[in-house]
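As written, the chains take the letters A, B, C and D, and residue 1 is the first residue of each chain.
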Amino acid sequence: MVVVMEERATEAQIEHVVARLVEMGMDVHRSTGITRTVLGAVGQGHADKGLIELLDGVHEVVRISEPYKLASRTFKPEATVITVGDIRIGGDEVIVMAGPCSAETEQQVRTTAAAVRRAGAKIFRGGAFKPRSSPYSFQGLGEAGLVLLRDAARAENMALVSEVMDVSQIELIDRYCDIFQVGARNMQNFTLLRELGHARKPVLLKRGISATIEEWLLSAEYVLSGGNTGVILCERGIRTFETATRNTFDVSAIPVVQKLSHLPVVADPSHGAGRRDMVTPMARAAVAAGADGLIIEVHCDPDRALSDGAQSMFPAQFDRLMAELRIIAPAIGRSICLETVARRGWGQ
Amino acid sequence: MVVVMEERATEAQIEHVVARLVEMGMDVHRSTGITRTVLGAVGQGHADKGLIELLDGVHEVVRISEPYKLASRTFKPEATVITVGDIRIGGDEVIVMAGPCSAETEQQVRTTAAAVRRAGAKIFRGGAFKPRSSPYSFQGLGEAGLVLLRDAARAENMALVSEVMDVSQIELIDRYCDIFQVGARNMQNFTLLRELGHARKPVLLKRGISATIEEWLLSAEYVLSGGNTGVILCERGIRTFETATRNTFDVSAIPVVQKLSHLPVVADPSHGAGRRDMVTPMARAAVAAGADGLIIEVHCDPDRALSDGAQSMFPAQFDRLMAELRIIAPAIGRSICLETVARRGWGQ
Amino acid sequence: MVVVMEERATEAQIEHVVARLVEMGMDVHRSTGITRTVLGAVGQGHADKGLIELLDGVHEVVRISEPYKLASRTFKPEATVITVGDIRIGGDEVIVMAGPCSAETEQQVRTTAAAVRRAGAKIFRGGAFKPRSSPYSFQGLGEAGLVLLRDAARAENMALVSEVMDVSQIELIDRYCDIFQVGARNMQNFTLLRELGHARKPVLLKRGISATIEEWLLSAEYVLSGGNTGVILCERGIRTFETATRNTFDVSAIPVVQKLSHLPVVADPSHGAGRRDMVTPMARAAVAAGADGLIIEVHCDPDRALSDGAQSMFPAQFDRLMAELRIIAPAIGRSICLETVARRGWGQ
Amino acid sequence: MVVVMEERATEAQIEHVVARLVEMGMDVHRSTGITRTVLGAVGQGHADKGLIELLDGVHEVVRISEPYKLASRTFKPEATVITVGDIRIGGDEVIVMAGPCSAETEQQVRTTAAAVRRAGAKIFRGGAFKPRSSPYSFQGLGEAGLVLLRDAARAENMALVSEVMDVSQIELIDRYCDIFQVGARNMQNFTLLRELGHARKPVLLKRGISATIEEWLLSAEYVLSGGNTGVILCERGIRTFETATRNTFDVSAIPVVQKLSHLPVVADPSHGAGRRDMVTPMARAAVAAGADGLIIEVHCDPDRALSDGAQSMFPAQFDRLMAELRIIAPAIGRSICLETVARRGWGQ
């Protein structure tokens, strides 16, 4: 922590600040210039930035280390690659996850899984527990939905990612899925994150709708500090003043996160855009910006979807998108599922 | 729902939209003007706004009812007064809740409770489970903290409000507290809200840091629709571009919510401001704007608080604030704890 | 400027940063700790923060002085009181400015002026040149409007404030008005601000809709650095994600600005709220938060106003508001126009 | 305009609303459903949305036409292609504009122009009048800068775009440049926009830092309604809560604007990102999202630039970016300057 004193700060004020820092367990290095005194505080203690800012004579206080450690590039300079079976997230290949918002019927789940698999998706996505703003909206099929999703993923030889909304659902999701998804609204459900720190499967951690990148990495830290090193970050749009789109898809977060952290970062253009016709350009933009993967809502009949129909793609749109992405990815030295993968047999 | 067709919409497009609405269970009323056709859709069905917007020829779709019902003034025109013992929240008196961010020691809890009681606070606040952005910050004393808080509240004859972070904590909090507090980060923890709908004590529901007023009322709806009619809304600042304050305290939300909903709304100027010297003007502004109550962090020794020290008031500052509020409240026909209340004996 | 180096920064990187700072005209003080090196740079030169941040081995760069000088409390600790005739803005009295959005007719201007004067307003407001988002909206009466406004102000013995939109209008506005108003959209029209720095009348500088407080004070600096010391700051609502109100009225900006700057700050609850029924609570909140004044839209017949009708108060509403404010102001040791002021004879 | 009445609205309230709409010059179509009455109002009159919203019994008011006309796809369905010499902006080719933030010296301007021309840029950019937040920052060379820029553009056979900050500069900029640039801070300088409506050269209109897409198109309407059909829109980042980047580059604005308007839209990743290392991924993302062009800051020696050095690219970075864009553009059926263009001889 660096404490910049005011120009008019008195010696007594400076000494009081030093004393408080020492009391908080810090070693203090004082540096006096022509107009100002600057104090550098380091050590094992915990110096409360807010409290120091309120002391008389203090002009500004600056933290000099990120509050997250395990998630940081300083801690681990090389990029983390997370493996799920033979899928490598964070490597050269851009991994595409696709599927319906919610599992609805066996037919819907099967048809959609086959369609996205054919187009090149390697991980199947689908929800059984749905966080909905209104208590009157469709809330998902629960375990019955997980059975449908797992069966379809197995049939298509795909891995499966599905959302966990509460600590009480962890065991159930774990039984059926390969990756836990934590939704944007739960990004700061610390009880849930702490528990997932003890899980042995990766966690796809969506960015909260108004979470700063620092808060997002701190939430990742909750999982990492529990011992689970498999955190995949997922940008899905932030809330801004603009109402022409449901959220503002923050494409710049992708390279920023890659600079600050070693964790892979994927993009969710479906929620970022909120409408089907905007998903394609946003998916292309995310890959061009360097995303390690995409997670996309596709539905065999989106006009009749029970949730998120407006932002779910038709299978044919998804095919076209995959073709476009195969042109874009090489521009930055990456690839997108070019050959058919061999059977892997997850979830058995 | 009102569907405004584009000027160039064809007859076939209009008929397709009508057919889709009917399929969704709506009755459709068509009204054709010189340049445009407007469709009014009402009924018991659920018309998906996003899907209709994507149909060819549709210019704009407007929902004509709020998505919340029980929380709305349309449903219940008269203001709701929530009683906790003989305290009435939402009546003529502006109710002040005060206390430390976290319970730390018996001495700290007792001293603070006595100070805020003397100044006129009727409800004691304090946390035992703390949601912290960083896994490395102080996380609260747990049940031991609840014991301290309850004892102090009993000694001072105050009601007690404390935060519940997870479904698994409901039973414990219920044993010690009179009001459940749901924090901003949990405003859309739907599993938690649903469970609190079955509780028999009021819920103080903080507004999420980037929640619209509509989303906030929908979260209240989760609790109300479970049968618990005691929801107290709490404005605590929203996230904006401005960084000079930690959050932007949205004072205008107070009269807006009072217009849209019958539920009482209180203000949390401590989190809204983020620093002690800003709490006083924000508390005065909230009461002047018509808030039904305040919840304020006060600590007997804020400079040594384990959490939120920078935004916790000194007891003497709190005294002065209460004196100022006693002048302001009558300007809008309200009062602030003028006489000493008789013993009530909660939590026994 | 304080430059915090990364933990792994090499000696060569540190020396390169020092060399660059010296090249930019700074004196550099180096302080080496156990894990990090911190460089303090002071001097007459201009160190480009962005460029230093990009240098290898640099962790963070912190500016240690505000970029504004003349507007700062550091430069001038005592509050500035701006006098317009015998009106003192920034003193103990909360000054109320009121009047119609635009001058429309002689009858409308005269009736409104008489009404607001009777209720206690001391400065008349009204627009002759209107910045409108759409080229198809009413754009004001121009000079004819200024004549009407000046005549009404003279008849009621009030000072007059009116908006200047462009350098070319300065001379004209100067001929009729006592205070130049710079609108939110022009807060960074630097050409205009620079010219107003040479004017001999005060400038009411509205905060831009998404201007940080720092940017706002920098815009004040443009006027001050030209030699015009009469800058009155005006908070009028910022743009956030919330759409329930047109803007979010940032009440907390009032005490923040008063802490950072010596300039008086007034509030415009009409634009902050955007609707008549929200103006009263926001005006009360602003005074309770410590505003030095208010500027409020009042119209003798707001339902037929040519602009801003929805946010213009009826005269009777304004009367009631003034009565409420007379109760609130003493809570913070201030007053609101209690006695009738003697004739002053401006603009003659 | 569609007026949705409240469920409990009385017949008298409905009739009053109808009467007010008729008085405002609208034809009203009334449609009564089981629970609500909906009024459709069309016509030549001007119905004030805000005023109608305040009437008793009104639940919601919805505008059914965009406030802009000439900028809208409804008015002109086919995309507008703007020609500057033989350069076509809005056609199949993605047009790249590049150059320094400010003209500083002949050598700097010449070297940079040659470098960007070689890499494939067709339009040279550079500022002579700089809008700076602080009055103490470098403000540009003025006409001397324009001379340098024009000479370099002529030498490299490029078109020239430069910023106009005020009506008084129009004539001068017109003498030297091919395209007028209107900066983000001037997006609602209506006096300036109105004058540019009479110019005979295209206007590159940057989006204001917190302008909605609707406001941006309304500002375009100011220029278009004056008779100048050459408006090029430019996305350059918006202000959000996130501080990890200077602005949040709103890539989704590109397809949204292309849907709402026929005008070409280009992207400014330099200001959108604010730091050099983020410009490349954002430029790729913009092209992948469908931008009609890019405007990029490049400097022959960015570490010594007098303004915006941190976000200016090195020539070698720009070369690499152009190579990547040549791979990406074909994914969406577009190209980027593949062959050398013949001499054209502008500005002679």
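Operating definition for what follows: contacts are C-beta pairs under 8 Å (C-beta built on N, C-alpha and C of every residue); 3 or more make two chains touch, one makes a residue touch a chain.
These numbers come from a predicted model, not from an experiment.
Student: By the contact definition above, name the pair with the higher C-beta contact count: B-D or B-C.
Tutor: When the contacts at B-D and B-C are counted, B-C has more.
Student: If every chain is reduced to the average of its C-alpha atoms, which one ends up farthest from chain C?
Tutor: A
Student: Just give me the whole-number Å value for how far the CA centre of chain B lies from that of chain D.
Tutor: So the centroids are 40 Å from each other.
Student: Centroid of chain C to centroid of chain D, CA atoms only: how many Å?
Tutor: Distance between chain centres: 27 Å.
Student: Counting only Cα atoms for the centres, state how far chain B is from chain C in Å.
Tutor: Averaging C-alpha atoms per chain gives centres 31 Å apart.
Student: Counting only residues that touch at least 2 other chains, which ones in chain A make the list?
Tutor: Only 210, 239-241, 243, 277 qualify.
Student: Can you list the residues on chain D that touch chain A in the complex?
Tutor: Chain D reaches chain A through residues 210, 212-214, 238, 240-245, 248-256, 259-260, 272-273, 277-278, 281-282, 284-290, 324-325, 327-328, 330-332.
Student: Can you name the residues of chain C that touch chain A in the complex?
Tutor: Residues of chain C touching chain A: 2, 4, 6-8, 27, 29, 31, 33-36, 38, 40, 42, 59-60, 62, 64, 74, 210, 239-241, 243.
Student: Which residues of chain A touch chain B in their complex?
Tutor: For chain A paired with chain B, touching residues are 20, 48-51, 53-54, 67-68, 131-136, 165-168, 185-186, 188-192, 194, 209-210, 215, 218-219, 221-222, 225, 239, 274-277, 302-303, 305, 308-311.
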